[in-house]
Structure formats: structure tokens, C-alpha cells
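Note that the chains take the letters A, B, C, D, E and F in the order they are written out, and that residue 1 is the start of every chain.
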Amino acid sequence: MILKQRKLLTIVSEVTIENRLLKDLERLGAKGYTVSAAHGKGPRDQRTGDLEGGNIRIETVVSNEVLEQILEVLEQNYFPHYACTTWVSQVEVVRDERY
Amino acid sequence: MALELAIQNLISPPVLAFALGLLAVLLKSDLRLPEAVYQGLSIYLLLGIGIKGGVALSESTAAEIALPLVGTLAIGLIVPVIAYLLLGGLTKLDGINKGAVAAHYGSTSLVTFTAALVLVESSGYTVEGYVTTLLAVLEIPGIVVGLLLASRALGRSVNWGEAIREVLTGKSILLLAGGLVLGYLTGTSGYERIEPFFGGLFTGVLTLFLLEMGIVAGRRLPDIKKAGFGLVAFGLFFPLISGTLGVAVGHLTGMGVGGAAVLGVLSASASYIAAPAAVRLALPEASPGIYLTASLGITFPFNLIFGIPLLLALSEVIEGMGF
Amino acid sequence: MALELAIQNLISPPVLAFALGLLAVLLKSDLRLPEAVYQGLSIYLLLGIGIKGGVALSESTAAEIALPLVGTLAIGLIVPVIAYLLLGGLTKLDGINKGAVAAHYGSTSLVTFTAALVLVESSGYTVEGYVTTLLAVLEIPGIVVGLLLASRALGRSVNWGEAIREVLTGKSILLLAGGLVLGYLTGTSGYERIEPFFGGLFTGVLTLFLLEMGIVAGRRLPDIKKAGFGLVAFGLFFPLISGTLGVAVGHLTGMGVGGAAVLGVLSASASYIAAPAAVRLALPEASPGIYLTASLGITFPFNLIFGIPLLLALSEVIEGMGF
Amino acid sequence: MALELAIQNLISPPVLAFALGLLAVLLKSDLRLPEAVYQGLSIYLLLGIGIKGGVALSESTAAEIALPLVGTLAIGLIVPVIAYLLLGGLTKLDGINKGAVAAHYGSTSLVTFTAALVLVESSGYTVEGYVTTLLAVLEIPGIVVGLLLASRALGRSVNWGEAIREVLTGKSILLLAGGLVLGYLTGTSGYERIEPFFGGLFTGVLTLFLLEMGIVAGRRLPDIKKAGFGLVAFGLFFPLISGTLGVAVGHLTGMGVGGAAVLGVLSASASYIAAPAAVRLALPEASPGIYLTASLGITFPFNLIFGIPLLLALSEVIEGMGF
Amino acid sequence: MILKQRKLLTIVSEVTIENRLLKDLERLGAKGYTVSAAHGKGPRDQRTGDLEGGNIRIETVVSNEVLEQILEVLEQNYFPHYACTTWVSQVEVVRDERY
Amino acid sequence: MILKQRKLLTIVSEVTIENRLLKDLERLGAKGYTVSAAHGKGPRDQRTGDLEGGNIRIETVVSNEVLEQILEVLEQNYFPHYACTTWVSQVEVVRDERY
């Protein structure tokens, strides 16, 4: 089976900005995403959402170009103010036209 | 009299459950209501409050409601301004954080309102049905004024659209307002069939809910130390000022002892759901550690334990003075 | 009379809550009942319906039940066939999708049934206890017939085992049938102790549940545009046909006004839980966008708002005709 | 008489729901209460039991309570020792696993207790309010004794701190003890307002809860085969021994028929929440497959179905003998 | 510490077919899996399960051979009809006999 | 954008020991972690927590040194007795001082 290379971007952030984040992801070219609920702790620890349910954990498989764009927007609009931990890993996908 | 009220309030199941929640945090227990249950109960409380308000509203006249409504709007516009100014004197917060805190105190808290209803009604007073309308009305303007005040200190314009949408379509307003309409339309006869659920269980559910609120507030306690004396002072005294204003407006606009006391509590309470969400979106620069500590860590417990009986006592005194 | 029923239905709390849910979607609010709460309420409703049916059943005789049972089975076998044929005339769907849709309309919807019970009983009619048995019985055969019809268009054989197991051990049948037995065994005296929970709260819980159903149905609305005129027409008119059939069978098999109306609603309603799961497993080729839009996006709201009072009115008319 | 009790117990809604849960597992259904709902209901039951106990306690005198309290403590210390010794005769378990199992049988089970309350009260007996205090008191010492017994076979010292903290600040003790204080302070008049929630719904909620317990216990059934004959025998007979001891202690310390029966059930039941958590932390070497299978898979269903009516009948007999 | 190479396969799919998928994984040689709840959006967006709780997210750590087999079955039986997004990443494990 | 290399350690374990595990992670130098709920099946299948909610799934992004330390403690104190499946993957992060 032929697998193609893509990037998996994982973002852990606060619930309050879920909608804004997902809209930005779509706008920047992500063709899909998966969201699950999470809680956690980090070096910053400045969040709202204690009452509304902790963190969200977003995963999106994207191309290198889209990844670049998303990371830039994250760096500009999210990192300075919001709880927003992200990491990138190399993944392989089967139907590459979907990502 | 005031003492009796204070005791009656202190030993009511909801307040005791709140204390139990605080205790659980102090004991480092990891007791928590599951997130989904908390959300479910909060939907139940909001919709239930709305429906009961709506049923009562269907028996009110526009004439009765007009003045209190105007008074409530005035409170929503004035309270955050006073808060902003006072914060300037008491704390060293910058304009953005002052505005953020003001937005919280300009808005209001459902649970504090509900606990007030329980105490006021169990003290034998009736409460005007339209107070739920006032609750819904008071939720928004204070947030807007607070954001406006903050925006003066901001190097950029506020994204009003998203913030206002967040409040208007957030579950608080939607369920309260939706419940009001639902209750109004279905009326007493329709309500009868759902009374065992939305009426009979109410205080019990509130008790469970306050257990969780105690835990959440308790987790904020360590932040109080970091908050500085000025913010703590603000969180404790400001409710007395805004609460007194609310009680006075209540009496001036023709509300009874119970209703005026509840309006006082509405005015005294600070939002910790709708306001934080809106402020977080519109003012990312403001620190949740400040505004949530003040509203949820300091003012909420204060009102629940002391503020509500005090404001009811005040309302009785004013009534006694012949207003 | 029919108008009065329609209004009484429209301003009942459950239907108003459904409308509020639709409204929430239109306002782009992200209000939702947490998944876990939705699941919990749905277990409560299924088990409660089952138990109450079982208690009532313990006072029915086999003779009473035999005819309605046979009638219900007949409905389950005939309705999907009519649906399949009608879909051939109204739409351009292929055989697989026609069979899939037919499976949904051959089966039935718990919530629609429940809302019918609320209206019928609040209109002063009694409903035979064994209707819950009919509900459980009607759930399955329609799905089987629908799958059979689809399988003719399929290049392969259907994996019946998995599909049937899914329906039989799915929570709908298990809780309904289990509740029936539980209620039957525990009887009136055992039920007394759980009545405040399963009885008293029922309409209130249903109200909360329909809020969520409104949201879920509302999210299907955009799909209706894509669905094409034929499918919309089918979703609106077919319930009248299958509903009339159900009411008629009810009267012919000796049921009262209330029971016949409820059997009509059972027949008119389309499944959106058991059938989609079974169809998804057995007929992956069929498009959920078609069958869920029809059953959940079109027929469910239609029945809730118009179908139920119409079928009750029809049942009254037939009764008046002296059957 | 005993037979009548047995039947009355068997056809009570909670026990039937438990059976339905077992059946669901046998049918390979994936029915489950969502985790969050299960947690929410369990908080409700614990807090409710605590509160009701506290209200009743506010009407008890210290003199009444002293003896039963001492008796209960004695049970907590003795039962795990007997269990440990008996396990040595019946099974080939090593010291660590014997200690782990003993810890479970020395502690107690809230749900078994609750089901006993339901049967005893529906049989017309009153139960002393302070039994909830006994429940809370019995939860801990047995675990400590069990761990002590196991630690003798252990090559290292037990981390007592973490294990004890886990039990003390775990939700069982916190909610039970917290509820007791809450109920005690709020008294009958405060309780009145939350009675529809914590009182009226209790048996219904328990029914739903036992459905889930049936599923959880059912999933343990395959492990029973692996458990070996000795462990099964222990799980079935030991409750009779410890239960008889409990009933006897109840009568000797002046409790009534109902209270002594409930103390018997407390003594007979094995923990499956507090004890497993503590044992898992303090004795990782012990196998959950052994202690959970015994307490949850064997003894819990046995007590629910046979143990409770048997111990109530025994208590009646002892009373009849003029103690 | 000596770490061995394995593949982590992540599958996001619809709730309705959870059981069937997990059975297939076991049958094809996966020695374990972890499932969590999720919701999301994708290019296909044709699912049931809206009512029954969104998506599931399955992770299974497997050998290269087992991965091949699973991907083939996914491609044949799942990709054509079901919401089923998958990606593969390279991971390292400690006790390699478990995977 | 300059991305730095880190390790992502994923641990699936039983709910009962969540607190102990998280304390150990912090003690050993992890600066943050994300926890989500999960259920699953594995070759060992000896857990408590059936009643208290299945498994937890912990993710922590750490440096190579911290990873080594954590793996050692896991191997000593957790692997022998507890359900504790772990895997490690290579990830890239933006603000490397946070991990």
C-alpha cells in the first residue's frame, strides 16, 4: 500500500476559543479535524473554562504548506494570550487527496 | 432579625453543600461532578428558572414591569462604571484588566440569584415573577460597558461581533429567554405537568450544583493570595455598594421586599460564566487569573454566605422606613 | 376540535422546547445537551416507558391484546412496502436507498410515541397499557422488510446476523422489553415506590430531551435543501398515509380513541435510532444523508407538531362514526 | 415469612433492574450507563444517604449510638481477620491476595446497604437514623486491617499515607460524612425543601443505578470460572458468617429488627469502590481479577438477591427469641 | 533503555461501527487498542451517529505486518462507505513483545 | 518557522493511579501534560477502575533526558503491576522553552 507523507498538528487549548480556532483552521486550508475533551496542566496555567470543561485537544492532518500557515496564525493570535500547546508529528496517510 | 436570616441561610442545604465543596478542596479530595452532569444541571437550572419566570410573567402586566425594567437597565450601565472607578483607587490594575473585572460585576450570576430566591421565598416573601426577566436583561449591558471601558486602554478595536454573539447565543441567555417564552406560552396549566421536574426538584438540584460550585470556587482560593489586598477588598465590599444600589432601585421602582432584595442580589453578584467567555474572546490581554478570582473566588462565596441575607435584611429595613 | 388539539399540542412544554432547540440552531448557538446526559435521559425514557407499560400490561388480558398485536405486526410488514413503492414514484432514489428509507418508516420512534401519549392523556383519553408492547413489536419487522427490499438491488447478500443482533440487543428493544417485564413482575405496588422518579418526572424530562432533539433535527435542516422535492414530499405526506392506516387498524382491532391514535402515531413515525444503526451496518451503500434527513429532519418535526394532533382528531372522528 | 421476604425482594424494581443488567451482558448488548451519569448518580446516592442519615441523627441521642458504634468498630476489626483465615483454608491464595480480599470484606458496600434499606423499610420496619453513621464508620477499618494482614507477606512496607488518604478523601467517605453533617445541621425543616429530590426519587434512581451495577457485575462473570471453586465458595458463604455476626451485634447493642438487619447487611457486604482503589494503590501485587471478582462478581449479586432477605429473616427470628 | 520500532495507527470513525472495527482489528492481529470519544469534521461528512455521540478515535500500536493487513481491510471494507480517517506514525515502545 | 525536536510520550493506564502517575511525571521534569478519558483492551487486561471509568490517556511532550527518566520509573514501578501501555514519538514544537 502506498502511503503519502503529511503532518499531524495537535493543539491543546481552552474550551472558550474552540469555535474561533476551528474556523481559523478551516480558513487556513485544513480539510478536516478531530476534537476531543481533555484536561491538563502546563507552565502557563492561565485559562478560563474551569467551569465549562477544561481543555480541548484538536488534531488535524495537513500538508506542509497548510501547517506553516496555521503555525504562523497560532504564533500571532493565540500563543501570546491563550493556553495553546501544540506539537507536530510526521504521519503517513492512505488517501492523500483528503488531507 | 438579620442574624436569624443569616443563620437560616447558613444552614440551608445549598449553602452547606457549597461549604462541603470548599472543604473537599481543602482536603485535597478529587471529588468533582462530572463535566457532563455539571452541564446538564446548569441547563436544567437555566431552563427551569426561565420557565417559572415565564409562567409568572404571564400573570404580570406591562405597567408593573416597565419601571423595574428601566431601573435594571440603569443598574447594568452604572455598576460597571462605578466598579471601574473603584478599581482604579483600590488596585494597580491596568485599564484592560479594570474593564474586564468591571464587565463581570456589571453582569450577574444565575446561581447567586437562585440561592437568593430560595432564601427569600423560604422567609415567607413572594417574589415578582418578572425578576427572571430582569436577570436576563441584566446579563448583557454590564459586559458591553466593561468591554467599552477596557477598549479605551487597548491599542486596537474590540471584535464586538464575536463577543456579543457569544453572549447572546451562549446558553445562559438562550435558555433563560427561551424558558421565559416557553413558560409564558404554556402558562399555568402547561406548567403543571412539568412542575414535579422543574419545580419540585429545584432546591435539591441546586444543592448538588452548589457542591460543585464550592469545589470550583475552592480551587480559586490559592489565587486569592496572589491577587493582592486591593482586589480582595474590592471583591468583598463592592457587592455591598452595588447590592445596596439594587435594593434601592427595587424599592424605588415599586417592587416588594422580596423582589427588591433579589434585584439587590442580581446587582451585587458578579458573572462567572457569560462574562468570562465574552471577555476571553474580546480581551485576550486581560488575565483570567484576575477576573475569575475576583468574581468566582471572592464575590461569589461572599454573596452566597453573607451578601444574600444582608441584602434581604436591608430590603426589610427600607420597607420598614415606609418606602 | 382539531384546532383546539393542535393548539394544545403546540403550547405544550415538550413541543415548545423542541422549537427552542430548532431556534438555537438557527441562531448558531452551540447549545447542546452533553452526550452523556442525552444518553442517560434516553435510557430513563426507554426504561420508564417500558416499566409503565409493564405495570399496565399486568392488568390486561391476553384476549384484549391478541388482535392489536396481529394488527401491529401487519402494519410493520405493509408500511415499508408502501413506502418503497411510493418512493419509486416520488423520487429517483435507487433500490438500496429506497429500501433504507422504507426500513426507517417501517420502524417507529420512541419520542414521537411519548409525545403522543402526553397529548392523548392530557386530552382526557386513556391509553391501553399494552401500547408499549406494540411499540416494542413495531420496532423490528419494518427494518427487516426494508432491508429485504434493498437487498434485491444489492449485488451481494446482506449480513443479517449483525444487523438483527444490533437491533435486538440495541438499547431500545432491551430497555423497552426489559422494562415491560420489570413492570409486569413488580406490579402496581412495586411501581409505587419508583413512581416519583419514572412517573412524576416524565413530562419534564421529555421536555429537556426534546430541546436536544430540536437541536439535532435543526442541524439536519440544511440537508433538506439538498434532499430534493420528492423526498420532502414523501417525508411530509407518507406519515398521513401510514398514520391513517394505524388509526384504522387500532379501531378495527378494538382499541379505544386514545389507543388507536397512539397506534396511528406509531405507524406514522419513522425511526432515527434503531433503524439508522441497523441500516448503517447492513447497507453501507445507502446514504445516511438521505434516510436521516427524511426521518429526523422532516418527518419527526412534522409528526411532533402536526401529525399527532391530526391523528388524534382522526381517531375521534372514526370513533364518532361508530366503529 | 422468609420466603415472602425473598419474593418481595426479588420483584422489587431495583433487584429486577439488576437482573436486567446481567441479562444485557449475557445478550452481549453494549448497553451501559454513560460513565458521567454513573458518577453523577453515585454522588447523588452517597450525598442523599448521608443527608437523610444526618437528619435522622439529629433526633438520636449519644447514648443510643455509643454501643452500636463500638459494635460496628469491632466488626470492622474482626471480619477481615476471619476472612483472611477462612481464605487460607478455602483457597490457595498467597498472603498478599488473601489480605487484599480480606480488606474488601472488612469494608462495606453502599449499594447493598441501600437496597437493604429499601427492603427493610418496605417491610414495615423502621431503621435507626444512625445506621448511615455506621456505614461510614465501617468503611475504613476493615481496609486497614486487610492491608496490615497482607503487608506481613510483603517484602516491603506499605505506603500507608497514600492508601489512607485515598479512602478518607475518596468520594464515598467525603460525601457520606459531609452529608451526615449537612443533614444534621439543616435538620427536618431544611430537609423538607430538598426531600422531593433526595427522598422521593431515591428508589427510582437506585433502580437505574442497579441496572448499571448488573452490567458491571455481569462483565465479571467470565472471571468466576477462572477464580476457582474455593474463592466462589468463600464469596457465597462468607457473607452468611459475617452477616450473622452483624445481625447479632446489632441486637446485642440494642438495635431494632430493622437496624440489626441492616448492620448485618453492612457486615456481610464487600466493598467494590473504596477498597479496590486503596488496595490497588497500596498493594499493586494483588490481583484485581481476584478481589473484584469475589466482591463484585459473587458476593454483591448474592447479597442483593439472597443475603438481604435472609439477614432480615434472621433478625426477625432473633427478635422473636426475645433478645 | 532499548526502544523498539512499531507503528501507531490512528483511526477516526463513526460510533455505529465501533464494534465491527474493533473485532476486525483483533482478528487481523492487533494485540490491543485504545478508544476515546471525539467529534470532528471532514471532507466527506456522511455519518450516522449524530444522535449517538459523534466519532470514535481508535489508536493501536502494531507491527508493520499487522499494519499492512489492517490498512488493506480498511481500504476494502471501510473507506468506500464509512467515515474513516486514518493516519500512521512511527513510534517506539519498551516492551515490544506486547505489540 | 523554526521547530525544535522533542519527544511525545503517550501513556494509557488505569484511572486509579492517575494522581500518582501525574505526580511522578511532574517530579521527573515534565513541564506539562494532557489527560483524556479512554477505554480499551490489551494483552494483560488486569485493571481496577471498571466502575470508576476505564482508562486514562496521558500525553506529555518532554526532552530526551526527561523521557529517559520517566521511562525508567515506569519500568520499575508501573509496568510490573499496573495496566500501563506507553509509546514514544518524535515531535516538533515551536516554543521549545516550554517543554
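Methods note: a residue touches a chain if its C-beta (ideal position, glycine included) is under 8 Å from a C-beta of that chain, and two chains touch if they have at least 3 such contacts.
Predicted model, so just to flag it, every value in this text is computed and none were measured.
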- Which chains are in contact with both subunit C and subunit F? D, E
- Most remote chain relative to subunit B, going by C-alpha centroids? E
- Query: What is the chain whose Cα centroid lies farthest from the Cα centroid of subunit F?
  - Reply: C
- subunit B to subunit C, mean C-alpha position gap in Å, rounds to 41
- Message: Distance between subunit A and subunit F based on Cα centroids, please, to the nearest Å.
- Response: 20
- Task: Indicate the whole-number Å distance between the mean C-alpha point of subunit A and the mean C-alpha point of subunit D.
- Result: 46
- Query: What parts of subunit D, by residue number, touch at least two of the other chains?
  - Reply: 30, 34-37, 39-40, 196, 200-201
- Would you give the residues of subunit F that are in contact with at least 2 other chains, written as numbers and ranges? 36-37, 89-90
- Item | Interchain contacts (touch definition) - all pairs | A-B, A-E, A-F, B-C, B-D, C-D, C-E, D-F, E-F
- Residue ranges of subunit E touching subunit A (in the complex, touch as defined): 12, 36-44, 55, 57, 68, 71-72, 74-75, 79, 85-90
- Item | subunit D to subunit B touching residues, read off their complex | 34-37, 39-40, 43-44, 47, 51, 165, 168-171, 174-175, 178, 181-182, 185-187, 190-191, 193-198, 200-201
- Task: Would you tell me which residues of subunit F are touching subunit A in their complex?
- Result: 1, 3, 6, 8, 22, 26, 31-37, 61, 89-95, 98
- Note: in the complex, subunit C contacts subunit E through residues 35, 38-39, 162, 216, 219-220, 272-273, 276-277, 280-281, 284-285, 287-289, 292, 296
- Query: Which bits of subunit B are touching subunit D when the two form their complex?
  - Reply: 11-13, 16-17, 20, 23-24, 27-31, 33-37, 40, 118, 122, 196, 200-201, 203-205, 207-208, 211
